[in-house]
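Letters A, B and C name the chains as they come in the text, with residue numbers starting at 1 for each one.
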Amino acid sequence: MNHYQKTLVLKTRGKDFHRITREIEEIVSESGVKMGLCTLFVRHTSASLVIQENADPDVLVDLSNFFAKLVPESGHYIHSTEGPDDMPAHIRSALTKTSEQIPINQGRLVLGIWQGIYLWEHRQHSHRREIVVYISGI
Amino acid sequence: MNHYQKTLVLKTRGKDFHRITREIEEIVSESGVKMGLCTLFVRHTSASLVIQENADPDVLVDLSNFFAKLVPESGHYIHSTEGPDDMPAHIRSALTKTSEQIPINQGRLVLGIWQGIYLWEHRQHSHRREIVVYISGI
Amino acid sequence: MNHYQKTLVLKTRGKDFHRITREIEEIVSESGVKMGLCTLFVRHTSASLVIQENADPDVLVDLSNFFAKLVPESGHYIHSTEGPDDMPAHIRSALTKTSEQIPINQGRLVLGIWQGIYLWEHRQHSHRREIVVYISGI
């Protein structure tokens, strides 16, 4: 039984999807685990995880547009001292994922062929984001 | 310590909730794990997981109606080549779960009495869907 | 390898966020696990988990207001026999989390400094809620 934990640090370029599939796969490879589980955990409440299509980038544009409309930055929020993009960022995080789990088989994540892992930065400006990656298995 | 991994393959009947509680419980039973964790992972971005009420089927109808209104197929999406139901399917997946975890105790999932596990097909037509089930424990 | 499972029972005070960070940390401490994974699982479909800001309580007020508008109790639902707050509670649960995973390092949850763990009661009245906490690691 192996246990492996590593923190992936990412400097985001502001509100956008940051594909981290390759970085996570490298950590899985480092861990030496052939069959097991990979857990991702975002240590923030204004950025989140989403596993989405990795082929047509328009999917991410539409997803972004949908959330911009659903949780508008122009909305009236009580919590506004950190800027108009902060409270919507919290809500978007609550609607998506703080943690995600992907089984590992034959030393690789069992992602579907069209699945990519993304850190979704919900703030307008660049932030330093930490994703804890925990891997256990044999 | 046991590790068990199996892929549940499901041919969906188009947009609907497909209850998979029994199938998952059978895999837990096969695994021989008495105390541990069961992870479900959907290998798709237009179908997702949801744990919801298993008693009154109207709950699923209301849930379906809510999402039909929240993420309309008549909306304007840039990604439209795969049909008007594809982009809404991606968004609905992002709003629900790609992975889900259920602890195991005394050889059984610790589901509440009213909880059922569902694969939610978001596409209009039937699809072949894969759910990786990973179980570890003692 | 340690395995530890405990059910946290909570009597909610009706629709509100109930912070359970301290209770979960105590269970992690009891487990003796220094590096591993903590899984939380809510055994209900009308209450859910959310990891959100623990500093400014206005964040939770805004989050609550957002969901009150997104999933109104005044909406038309077929499933209405359990009261006007029941179906919205199911939908809000589907939009947030039934399970959540937090890695453990040096005997502590790797939560970010601003992150708190909340059980979100979606029903108007007080309920008895069970959260299964499963911890594994070394």
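Here is the rule we go by: contacts are C-beta pairs under 8 Å (C-beta built on N, C-alpha and C of every residue); 3 or more make two chains touch, one makes a residue touch a chain.
Keep in mind that what you see is a predicted model, and the values were worked out from it rather than measured.
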>> Given that chain A and chain C are copies and touch, would you call their interface same or different according to whether over half of its residue numbers are shared?
In response: different
>> Rounded to a multiple of 5, how large is the rotation, in degrees, that superposes the C-alpha trace of chain A on chain B?
In response: 120
> For chain A and chain C, what's the span in angstrom between their mean Cα positions?
Replying inline: 20
> chain B: which residues touch two or more other chains?
Replying inline: 1, 37, 70, 95, 97, 101, 136
> Of all residues in chain B, which touch chain C in the complex?
Replying inline: 1, 35-37, 50-53, 56, 58-59, 61-63, 66, 70, 95-97, 100-103, 105, 110-112, 114-115, 136-138
>> If we count contacts the way the header does, which residues on chain A are in touch with chain C in the complex?
In response: 1, 3, 5, 37, 39, 41-45, 70-71, 75, 77-79, 81, 87, 90-91, 93-95, 97-99, 101, 130, 132, 134, 136
